[in-house]
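Provided herewith is a single structure, encoded as C-alpha cells, for subsequent inquiry.
Going in written order, the chains are labelled A, B, C, D and E, and every chain counts its residues from 1.
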Amino acid sequence: GCTSKPTNSEPTVSKGAEEIEPKTKTIIDSVGREVEIPTKIEKVVTVGPVGVLNCFVFTMGEGNTIANGLPPRFAKSKNWKYHSIFNPAIATNPVVEDGNAVSMETLIEINPDIVLTMDEKTADDIWNKGMNAIVLNWKNPEDVKEAVNLLGQIYNKPERAEEYSKYFDRTLAKVKDTASKISEEKRVRVLNTSLGSLSQPHVIAEWWIEEAGGISVTGGIERKQRLEFSLEQLLEWNPEVMIVSSQDDKELAYSDERFKDLEAVKNKRIYVTPSFGHVWANRTMEQPLTVLWAAKLFYPEEFKDINMNEELKLFSEKFFSYKLSDEESKEILGDMN
Amino acid sequence: MELKLEINNVNCGYPKKTILENISFEIGTGDILCILGPNGVGKTTLFKTILGFLKLQGGSILLDGQDINTWSRKDFAKAIGYVPQAHTPPFPYKVREVVVMGRTAHLGIFASPSLQDYAIAEKVIDSLGISYLTDSVYTEISGGERQLVLIARALAQEPKILIMDEPTSNLDYGNQVRVLKHIKELSKRNIGIIMTSHFPDHAFMASTKVLAINRGGEYRIGTPKEVVTSQLLQRIYNIRVQIDTVVDRVHNDHLKVCVPILKD
Amino acid sequence: MELKLEINNVNCGYPKKTILENISFEIGTGDILCILGPNGVGKTTLFKTILGFLKLQGGSILLDGQDINTWSRKDFAKAIGYVPQAHTPPFPYKVREVVVMGRTAHLGIFASPSLQDYAIAEKVIDSLGISYLTDSVYTEISGGERQLVLIARALAQEPKILIMDEPTSNLDYGNQVRVLKHIKELSKRNIGIIMTSHFPDHAFMASTKVLAINRGGEYRIGTPKEVVTSQLLQRIYNIRVQIDTVVDRVHNDHLKVCVPILKD
Amino acid sequence: MVTAAQKKINNKYKLLLLTIIPIIAFFLSITLGRYSITIKEIFIILTSKLLQKDIDYPKVMETVIFQVRIPRIIAAMIVGSSLTVSGAVYQGMFKNPMVSPDILGTSAGAGFGAALAILLSFSSLGIQATAFMFGLIAVLLTYTISTKVGKGGNIMFVFILAGILVSTVFQSFISLSKYVADPYDKLPAITFWLMGSLASISQRDVYTILIPFLLGIVPLFLVRWHLNTLSFGEEEAKALGVDTKKLRFLVIICSTLLTASSISVAGMVGWVGLIVPHLARMVVGPDFKVLLPASALMGSTYLLLVDNIARSVAAIEIPLGILTSLVGAPFFIYLLLNTRKGWN
Amino acid sequence: MVTAAQKKINNKYKLLLLTIIPIIAFFLSITLGRYSITIKEIFIILTSKLLQKDIDYPKVMETVIFQVRIPRIIAAMIVGSSLTVSGAVYQGMFKNPMVSPDILGTSAGAGFGAALAILLSFSSLGIQATAFMFGLIAVLLTYTISTKVGKGGNIMFVFILAGILVSTVFQSFISLSKYVADPYDKLPAITFWLMGSLASISQRDVYTILIPFLLGIVPLFLVRWHLNTLSFGEEEAKALGVDTKKLRFLVIICSTLLTASSISVAGMVGWVGLIVPHLARMVVGPDFKVLLPASALMGSTYLLLVDNIARSVAAIEIPLGILTSLVGAPFFIYLLLNTRKGWN
C-alpha cells in the first residue's frame, strides 16, 4: 500500500537563509518525498483526480492560483461545476492532463510553482522535467486532516488547516455524541451502492456510515476498494437505507420489481449522494459534511436540530470562501430538505 | 440421359493475367477427355473456370445448351462433379461423413442425408476398394488415401460429368490403375469425364479424347492415337518419347506405351 | 569422398503408432535407391525418421559409421539433403532466395550468402532448366515448378546423399524425365540418392537399388531387375503388371517398361 | 465396422444424455444462491406456483426464485448456447478452429455501444439496446467491406481481416469513451460492463434475449447439415452444389443475432464460444448434424455452471468474464493438445 | 534478368534511403511541440550545445528540447524499431503474417506487471521494472509450457497456443487488478497506462530502454539471414542445417527483450509490430538480410510520425495506443489486400 509517513507539521526552512525572506522552503509530501518549493505559491497545477485536489486548494482560499482547467472527463459532468464558479478562470485555463498523459510542454509553458498529484509515478515524471511535484494522498479517512495540513504548509496558512482540523473533529464528535445514544436495535442497516451495476463503489463508505451511526451491510467483507454483489445478496442484506450514486439509480430502485421487497424501497429511504466541491460519498475534504448528512438521513428524529442547509452554507463560506444561495444549497442537498 | 458440356472460344485466367485463350471443345456423357500439358500451362485454371470459381474472361461455356451462369449451384452440382487436388480440412471428419457430403446437391437445404444416402456413400466407398477406411478420420490418412476419398465423394454426387484434376497424382501404382479402371466403368455408365494427367499412358489407357495444351496457347484435340504422338509429346514436354506397342499376354490385346528416353 | 548411410533394424512411426519395423539397408555415395510401396505404407515416415524429425523407435541409423544423433545439424545437412513434398511458405520469397537457402549449412551463423553462394544457386537453377523462374516469386508459380525449385535448393546444399520424397509426383512428363536424368548425373558425381516413386518404371530408369515395401511390413531390397518383378508388383499393388522390354530405336538400348493391365 | 444406422443410434443416446444434463443442472442451480432458502421451501414454492395455489411463504422468497434466480439461470443457459453455437458455426465456416464468435467485430461493436450508452446515462434497457445495435452495425460494416473488397479470391480471409479492422476501430472507440468518461462513475461502469456479468438479469431481460435467440438458432438448426460443406472451403462447397453466398449470409446473420444479444445482456464473456465447440466436437465429432445441438446443450450447461460459481461462492461477485477466462483458457489448451487430430 | 550483384546494389540504395528518412524525421520532430520555440532558436541551442558554448537562451527552452522533446523522439524511435523488428522476426518464425510481437504473452504480462505496480503505488521506474519483469515472466511461462508439452510435432503451433493461454491468464489478472483498484485513482491510472503513451518519457527512460534494445537487436541483426530458413518450417530449416531449437530460443529471448522493454516505457502500443513489417516486406521483400534493417528503420520512422501527431495535433494528447490502432488497422487491411501475394 501507500508508504505515507506522517508529515512534519513545521515548515522546514531551507539552507540558513534566515536573514531576509527566504525564497524557497522544503516540505515533505504525503509519501515522504522532500520537495523544495517557492515560499510564495502563485501558480499551482493539479494533475490526476482534479476534483479532489482542487478542493484542497480552495480550502486554503487560494482557488485563484489554480492555473489549469478541468480535463474533459471532469468538465463534462455537472458534479464539478462549482470549480469554475469558485474560480472562473478554470473554465478557460489550458488542460494539462487527460488521464492518459500529462502534456509536459503545456505544463512547462504554464510554469507552475508546484504541481499537486495523488500519484507518485506522475510526480516523478514531472519532477524529472524540473518542476516541483507534490504527492498529496492519505490512507485513513481521518488523515485527510494531514493532507489539509500539508496544504497549510505549502500556502503558509497553517491557521486555516488548523481550523479545518477543528471543524472536522468537532463535527464528528457532535454526530458521535448523538449517534452513540441510539440503541442497537434502532440502528439502520445501510448500503452505499451504484445500483445500476450492483456494486459498492468505495470502501470509505464503511467509515462514514459507521460514523453516522449506521450499520453498513457490506461492513464485514474484507476488500480493498470496490465490491460487486449479486441481486440475491442484496435481497439477503435487505438494507433499510440505500445511498445511491445518481438519480437514475433512485428511479431504478423504485421501478424495478425485483427491489420491491427491500425495506429501503418499501419505506422510500433511497437517497442520492450530493456533490459540491466533490462527490460526498467518496474521499474528499468535505467528509465531515458527508457524515453529518448521513446521520441526519439515518436518524431524522435524533438529528432534527441539525439544519443541513445552514451547515452547508457555513462550510462553503468558511472553507471555499463562497457564499451559497439557498437555491444552490437546496439543489446540492437534493433529497434532504 | 445425354448431357453436353461445350467450351466455346474460352479465355481464362486471373484478374490481371490471362492464362489460356480461345480454347474450344465439347464433351458428352460417355466421353473421357484427358488433358495433357506441361506444368503451369493452365489446366487447373481451365477447370476452375468451367466450375465457375474463376470469372470467364471470354467466350462461353454451355451445359446442356445453356450458359452455365444460368444454372443454379444445386442443379449444376447434380450435373457436374469435381475432384480437387487433395487437401486437409481442419476438422476430423470421418471418411463416411466426407463421402456422404457428395449427396448435398440431392438434398433440400433443411434436410440431412437419409440412411439411403449413407447407403449410396458406402456403396461408392466399397467400389473403390477403400471400405477399410470408412470409419477412419479423414485428416489422419495418407495423401493417396485422401485422393481416393475425394473421388468417392464426387461419385456419390452421381453427376453426369466428372471433372478430375490429376486424380492419380498422389496414388500408388495400384490405386492409379484402379482409379483409371473406375473411370472407364463410369463412362460405360454414360458419365462424361474430364481429367488431367501427367502421363500420356493414361490417355491411351482410359480416354476417348485427348486435349494437349502447349505453352504459348497452342492446343490440339482428338483421339489418343491422333494426338498422342511422339512428335507432339516431344514438342510439349521437350523430351524424346518413343511410343511402342506391347502385347498383353493374357488377353492378347495390343497396348500402346510411351517410353521416355533419358539418353540424349 | 565416400559416405555411407546405414539403416539397421529400424522401427519408425508416430508416438502411439509404429508404422515400419525392422527395416535395414545401406546406401553409399553413387547409389540410387528407389523406394516403392503402396499409399500409406510409411515411406514418408521412414524419411522423416532418417532426417531426425521423428524419434527413432528402435534400431540405429549410422552416417559415416556414427550414430546420426551425434551429428550436428549443420554437418548433417552438409552430408544429407532433403527434398520435401512441395508446400507454400507464407512469404513471397524470390526463387533465387529460396535456392540460395540451400547454402545455409555452409555458412557461419552470423554470415549471409556471398556472391559465390549466389553463383552456385544460379548454376543449379540453370542446370534444372528453370532459369526463367529465377526472379519469379516462389508463392506464385505452379506446383510442378515449385517442386523443381525445392530440388534446386537441395542441390545447392551440395550434400553427399540426397533424400527425395516423390520428387516427380507433381511434375509434368518432361520435367519428370529431366529430374530423373539429373538424378543419374548426380550419382555419377558420386552423390547418393534415396527417393520414393509411385512408378516402377522410374526404378528401372534411374535406380541402382530398389526397396519395395509391402503392407504388413514385408520388404525386399536388391537391384531393379531382382526386385521389380511382375509378381512383386502384383503383390504390392494388387494389380496385374506386365514387364516388357522395349528397344530405344535411336541408341538401340533395351529398356524395361512396366505395363499395368486394366482388363481383369 | 459400424454402420451408419448404428452410428445414428449411438448419437441419439449421446444427445439424450446431453439434454438430460442441462435439465438436472437447471434444477440444481435453483437451490444455489446467497439468499438462503431450503430445498424443501423451494420445492413447495415451485409446486404451489405450478398448481397455482396460494403460497404462505415470505413474498421475498418468491421474488428470489422467480425474479432473480430463474431469470439468471435461463439467461446463463441462453447466453452459453448462443455463444457456443455461433462459435461452432464460425469455426466451421472459417475452416479455423481458433475462431471465436466475435471474429467479425460483434463484441467490440457491442462493447462500444454499451460504453456509449453508459456515457449517455441510458437505462439498462437502453444499454442493452444500444449494445445490440452496435454489435449488428459492426458486423454489417465487416460484411459490407468484405463483399466490396473481396471479389472472388479468398473471401473468408478477407472476412477475418475486415473483422479485425472493424474490431480494432471499435476497440479504439471504446478506449476513447473511457477516456472521456467520468472517472468516479462512468469509467468503472464501462470497465465492469466489459468484464461481463449476469448479476443484474431480470425477467424482462430474459424475454428480450429470447427473441433474437430463437431468430438466430432456429434457421441454423434447420440448415445445420449443410454447414459441413463450408468447412471444405468455398470452392468445394460450391462444387457440391451449395449456394455459399446465401448460406454464408444466413450463418453470419444468425450468429450475429445470437452473439450480439448475448453480449448485450451479459457483457463480454470470453472463451465460451471458443472452447465449448471443441469440447462438443470431442464428444460427438465434427458433423454439424449432431454438433450443433450438442454445442447448444453443452454451452448452456457450461455457462450455467460457471455462473453458479460466480454468483454463489463469495459475497463478492466474481466477474463472469474473468471466471470464464481463468477456467476456460487452460482447459482450451488442454483440449487442443489432447485432441490435436489434424489441426496443424 | 537481374543478377544477384545488381540486386545487392539495388537493396543498398533502398536501405540508404530508409536510413536518411528517419534522420530527417528526427530533426523535423524537434521543431514540433506545444511550447513554441522557433526553428532558429532550436538551431542555435542545438549547435551551441554541441560546441559546448554557453547559451543565453531561457533555460526552459533547453529543458523543453533536451529533457522533453529529444528523449521522447528517441524513445519513439527505439520503441518503433523494437516492435517492428520483433514483429517481422516472429512473423517469419511462426510462418504467419498475422502474428504480432506480443503473441507469446509479453504485453499481457507487462500490462499485468504495470497494473500491479500501479496498485502498489510504485514509482515510475518501479512500474517500468515490474512491467518489464512480468513481460519476461509471461514469455518464460509460455516457453516452458510449450517445450514441456510439445514433444516433436508442430512446436510452433503449441507456442502460439501456449501464448494465447498465458496472455489470457495475465489478461484476467489485469482485469482482477482493475477490479480491486481504487476506482478514483488507480483504475484510471491502470486504464490509461494500458492505452499507451510516450508523454512522460524522461532522459533516464531513454537510457533504461537502450540497454535491452541493444541486447535484443544486435544478436538478431547478426543472425538475420538464417532467420529466413525458419519461415520454411521446423523440418525444412533443420534439413537445411539449422539448429532450430537454439535459433528459436535466441529469437524469442531477443524479441522479448525488445518488446517487453518497449511496452514497459510506452504502454500497449498496438499494430506497429503487425503492420510495419508488412510495409517493409513490400519495399524490400521477405529476405531478412535486408528486411531486418529495413524494419528497424521504417518502424522507428513510423512510430515517430504517429507520436508527433499524438503530441502536437490536438490540445489534449491523443493516447498513442488509440492513434496507432486508428491509423494502423485500416492501413494494415489495405496493405494485406493489395499485396496478398501468397498469404492465403
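Here, a contact is a pair of C-beta atoms (placed from the backbone, for glycine too) under 8 Å apart; a residue touches a chain by one contact, two chains touch by 3 or more.
These figures come from a predicted structure and were not determined experimentally.
Q: What is the set of chains touching both chain A and chain C?
A: Neighbours common to chain A and chain C are E.
Q: Average the CA atoms of each chain to get its centre, and name the chain whose centre is farthest from that of chain D.
A: C
Q: Between chain A and chain B, what distance separates the C-alpha centroids? Give it in angstrom.
A: Spacing between the chain centres: roughly 80 Å.
Q: Could you put a whole-Å number on the gap between the CA centroids of chain C and chain D?
A: Going by mean C-alpha positions, chain C sits 51 Å from chain D.
Q: As a quick test, compute the distance in whole Å between the mean CA positions of chain B and chain D.
A: Taking the average C-alpha coordinate of chain B and of chain D, the gap between them is 43 Å.
Q: Please set out, as single numbers or ranges, the residues of chain A touching at least two other chains.
A: If we look for residues of chain A contacting two or more partner chains, we find 49, 72, 98-100, 201, 223, 226, 228, 282.
Q: Mind pulling the residue numbers of chain E that touch at least two other chains?
A: 179, 183-184, 188, 191-192, 195, 319, 343
Q: Which residues belonging to chain B are in contact with no fewer than two other chains?
A: Residue numbers touching two or more other chains: none in chain B.
Q: Write out all the pairs of touching chains, ordered by chain label.
A: A-D, A-E, B-C, B-D, C-E, D-E
Q: Could you pull out which chain D residues touch chain E in their complex?
A: 149, 153-154, 157-158, 161-162, 164-165, 168-169, 171-172, 175-176, 178-179, 183-184, 187-188, 191-192, 195, 270-271, 319, 321-322, 325-326, 328-330, 332-333, 336-337, 340, 343-344
Q: Name, in rising order, each residue of chain E that touches chain A in their complex.
A: 33-35, 60, 63-64, 67-69, 118, 120-127, 179-186, 188-189, 191-192, 195, 197, 199-200, 202-204, 311, 315-317, 319
Q: Using the touch definition from the top, list the residues of chain A that touch chain D in their complex.
A: 49, 51, 72-74, 76-77, 79, 98-100, 194, 196-199, 201, 221, 223, 226-233, 235-236, 238, 245-246, 248, 252, 256-258, 260-261, 279, 282
Q: Can you list the residues on chain B that touch chain D in the complex?
A: Of all residues in chain B, those touching chain D are 15, 48, 51-55, 72-78, 80-82, 84, 87-94, 96-97, 101-102, 104-105, 107, 109-113, 115, 118-119, 121-122, 131, 134-135, 137, 139-140, 157.
Q: So in the complex, the part of chain E that touches chain C is made up of which residues?
A: 1-2, 4-5, 7-8, 91-92, 95-97, 151-152, 222-226, 228-229, 231-236, 238-244, 247, 281, 285-287, 289, 341-343
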